[in-house]
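The structures considered in this document are given below.
Each of the next two complexes has subunit A plus one more chain, namely subunit B in the first and subunit C in the second.
Entry: the complex of A and B
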């Protein structure tokens, strides 16, 4: 869209449409997050005695958090490169911390 | 500040939260803070994972936790995350009243969550005599979940303060970043909760 040739009214309408589109994606993410939560609780309540249960629970949590970060917190949008650097930097230290605590410190 | 400062839908910038240098700085600094919070919670999760089997022969995660309450709390917090998305949607469309309304709903859901969490802790302490000092598991549990609860409380105070402080002022380029950042904080609280209900409660029940 060429911003220069738009009237202010057109610009407002275009942006409102964009916001609506984004809101729609966010409501879909919300529905998926609810679904993942139901699956996670359901698997535990149904007592599925599989070795894959815990990895599946963790995977569901990670996917849900990615929806939260990328859609609810807008990390998918432009201008979030530094944000990604900070969050993935934090995540790297976080994973190291958890590995260190669970393996070395309290073996 | 004059009226030029007030957001006029006809001439306001696309992202009011990042339209000023101050807003940009707040945005970036806040994400830097969230990166640090990730590490803070990782250290608490690491401690919990290392110590949750050290129950001193008393309450174990299996006999302590009830999933019904945790499920309700999860739904409350997840829904409050969506309502704060709605608040930011209305902020971007410069509808101050609707933004305040959705923030109010967010606060109500957050309060309900906090109420359930306090009930849960009181229940553990009185019915199970499970306290911070019961075992290493007890200390790790209350530190991790309590720290998250503290974040919820802080987030609620933050959002309520912003709502009251700006209630007569309306939305402008000065306070739009403040609202946006408070909503980011609220989403982050839900991010942490997703791992708490998975790692502490669900994995605790699985054993």
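Entry: the complex of A and C
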């Protein structure tokens, strides 16, 4: 957006629209996260076989973490590239370590 | 301003000044002195090792003492000499190169130093309290878990405390480089040294936690009766090796990368050319950092990981030769056709290229997993890693110290003495370590106390010892140079080398606020851009105004002192629970200091415009 050519009135308007959009996204992701939590609890309560259960729980957990990071902690917004690089870098090292331990050391 | 005041107030005030300082330039001095001191201790230990191995069946030192010697030589040189000396350079140079007034967290910067120092002191106190650690610098379990006495406990506590300091320092420099660059200094305009420090700091951030975890497991096994590494009780000794090398391999890149950066700056300055292939150099630095995390198991080819794991790690290891090769060629192309000045800094840098390349070549040989079964734990490996660490890191430290000495202290190290120190060190280095490759191929194992007569190992070991003495002579001449320079040499201008980067645009040594006005960066090698347009200095990016600076604080010292005291409590509570009192006292001091820091607001102080104008009149801002 070009601040120079906008009147203060337009700017306020624009920001309000942005905030509304932001709010909508946060509510949607919040609702989805609650839903995911119910699904997860439900699956455990209903005793679904663990072959299917564990990967699904992990998947739901990962999606929830991503919602947290991108929508609630604003990683989807601009200026968070370095944060993302660092987080994924650290994640890569951690996962590599876990893979090494589970495959090489313990089989 | 503050330095002038401190000098007028005498020795006590100066000591207090250094104990409480949060100024990155003074912290650089502290790191330099402490790292230099430990370098000399590590060197002394190396000399004792070489004297012991001078002739067959020697009994100059006992077998137990020899084990302590090799352990402490490795540990001291890596953690207490090379790391802090690199931190000295980072502190002295990085904020200046990016046009910042200090690091992002000056308080943490000071805390990082004091933690390192107290950790190092703990480690070395062990010499006087019944035996130093003796399980090798890698401290492999189960040798380390059953090692009698408290030596290994000192290793664990010392490295844990100094490791925390290093981690803090790494995070500090990451944040500094991300957030505090001057206007116009984009990532792709950062000097290569700053880039290298950036990647190094990321490596520290990701690698050191593995060491922290490993040391905690070791601490609990030795002090609190856990059995993580005890196979008989269902533990697994190999876990330590993996954790150690997941940290340990990135660690060797943590050591070498900053000096790769320093070499890049030195080659470009003394060839009067911009660095050849800047973007390729940045790419190679990042790639080395990235690959550095995927090769740790090449230290463990003979552990029995199986052919598949060995092959994967072998190929990944060989891949690192590619970005390193890119760097070697770019340095040579930087010099090609340049207006080369053979200063002492340049001499060390030029000598680094062939020396390090030999080390890299033997590295590729070692990376071949099948062949490694022959080389493993022989002097071939010792030769290899001394070629990369001495030929790379130590040569780099000498080069960088010669290069940045005028910026740190305002005086150029004597060039004649500098070159006089170089030649014995350079020749001695190759004498010491080149022959060790062949000793290794003949079957001489590393870490053995003695070797036998009549196996053809006598001549090689004698040559190696003679070389070590030459290196010692070189080091002594360098020390003489430091004293000579500080007494005799004249002050120089802010830009004695006709430099290219921002640190040369301000006086030497810089005022404690570094830049009177934050400079505007208009390209790679910002000062050179201005010079080539006929200007003398940088274009300011802001009007002259008040500068906000952090306050000095004794708290980092007290926090570290508390952990130092608690460390002894942890070590000796195994013998007698009464020692726990030291844990409570020490942790009380540490936590109390942290609480003070949290509750008491410290908003720093302002340097006013009038004072800056006064400084400018005195010629500080030229």
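Brief remarks on what is shown
Just so we're on the same page, the second predicted complex is superposed on the first by the 93 of 107 C-alpha atoms of A that agree within 3 Å, B and C clash if a C-alpha of one lies under 4 Å from a C-alpha of the other, contacts with A are read in each partner's own complex, and residues count from 1 in each chain.
The rule is simple: a residue touches a chain if its C-beta (ideal position, glycine included) is under 8 Å from a C-beta of that chain, and two chains touch if they have at least 3 such contacts.
Keep in mind that what you see is a predicted model, and the values were worked out from it rather than measured.
Touch criterion not met for A:32: it reaches neither subunit B nor subunit C. In the superposition on chain A, contact of A:58 is made with subunit B only, not with subunit C. Once the two complexes are overlaid on the shared chain, A:41 sits against subunit B while remaining clear of subunit C. In the superposition on chain A, contact is made by A:100 with both subunit B and subunit C. Of the two partner chains, subunit B and subunit C are each touched by A:90. Common to the subunit B and subunit C interfaces on subunit A are residues 82, 86, 89-90, 93, 97, 100-101, 105-106. Subunit C meets subunit A in the complex at residues 174, 178, 202, 205-207, 210, 236, 238-239, 242, 246, 293-294, 297, 305-306, 309.
Residue ranges of subunit B in contact with subunit A, taken from their complex: 9-11, 14, 18, 28, 31-32, 34-39, 41-43, 45-47, 49-51, 67, 71, 74-75, 78, 81-82, 85-86, 89, 92-93, 184, 187-188, 190-191, 194-195, 197-199, 202-203, 205-206.
Partner subunit C is touched in their complex by these residues of subunit A: 82, 86, 89-90, 92-93, 96-97, 100-101, 103-106.
Taken in their complex, subunit A has these residues touching subunit B: 8-9, 12, 15-16, 19, 22-23, 26-27, 30, 33-34, 37, 40-41, 44-45, 53-54, 57-58, 60-61, 64-65, 68-69, 72-73, 79, 82-83, 86-87, 89-91, 93-95, 97-102, 105-106.
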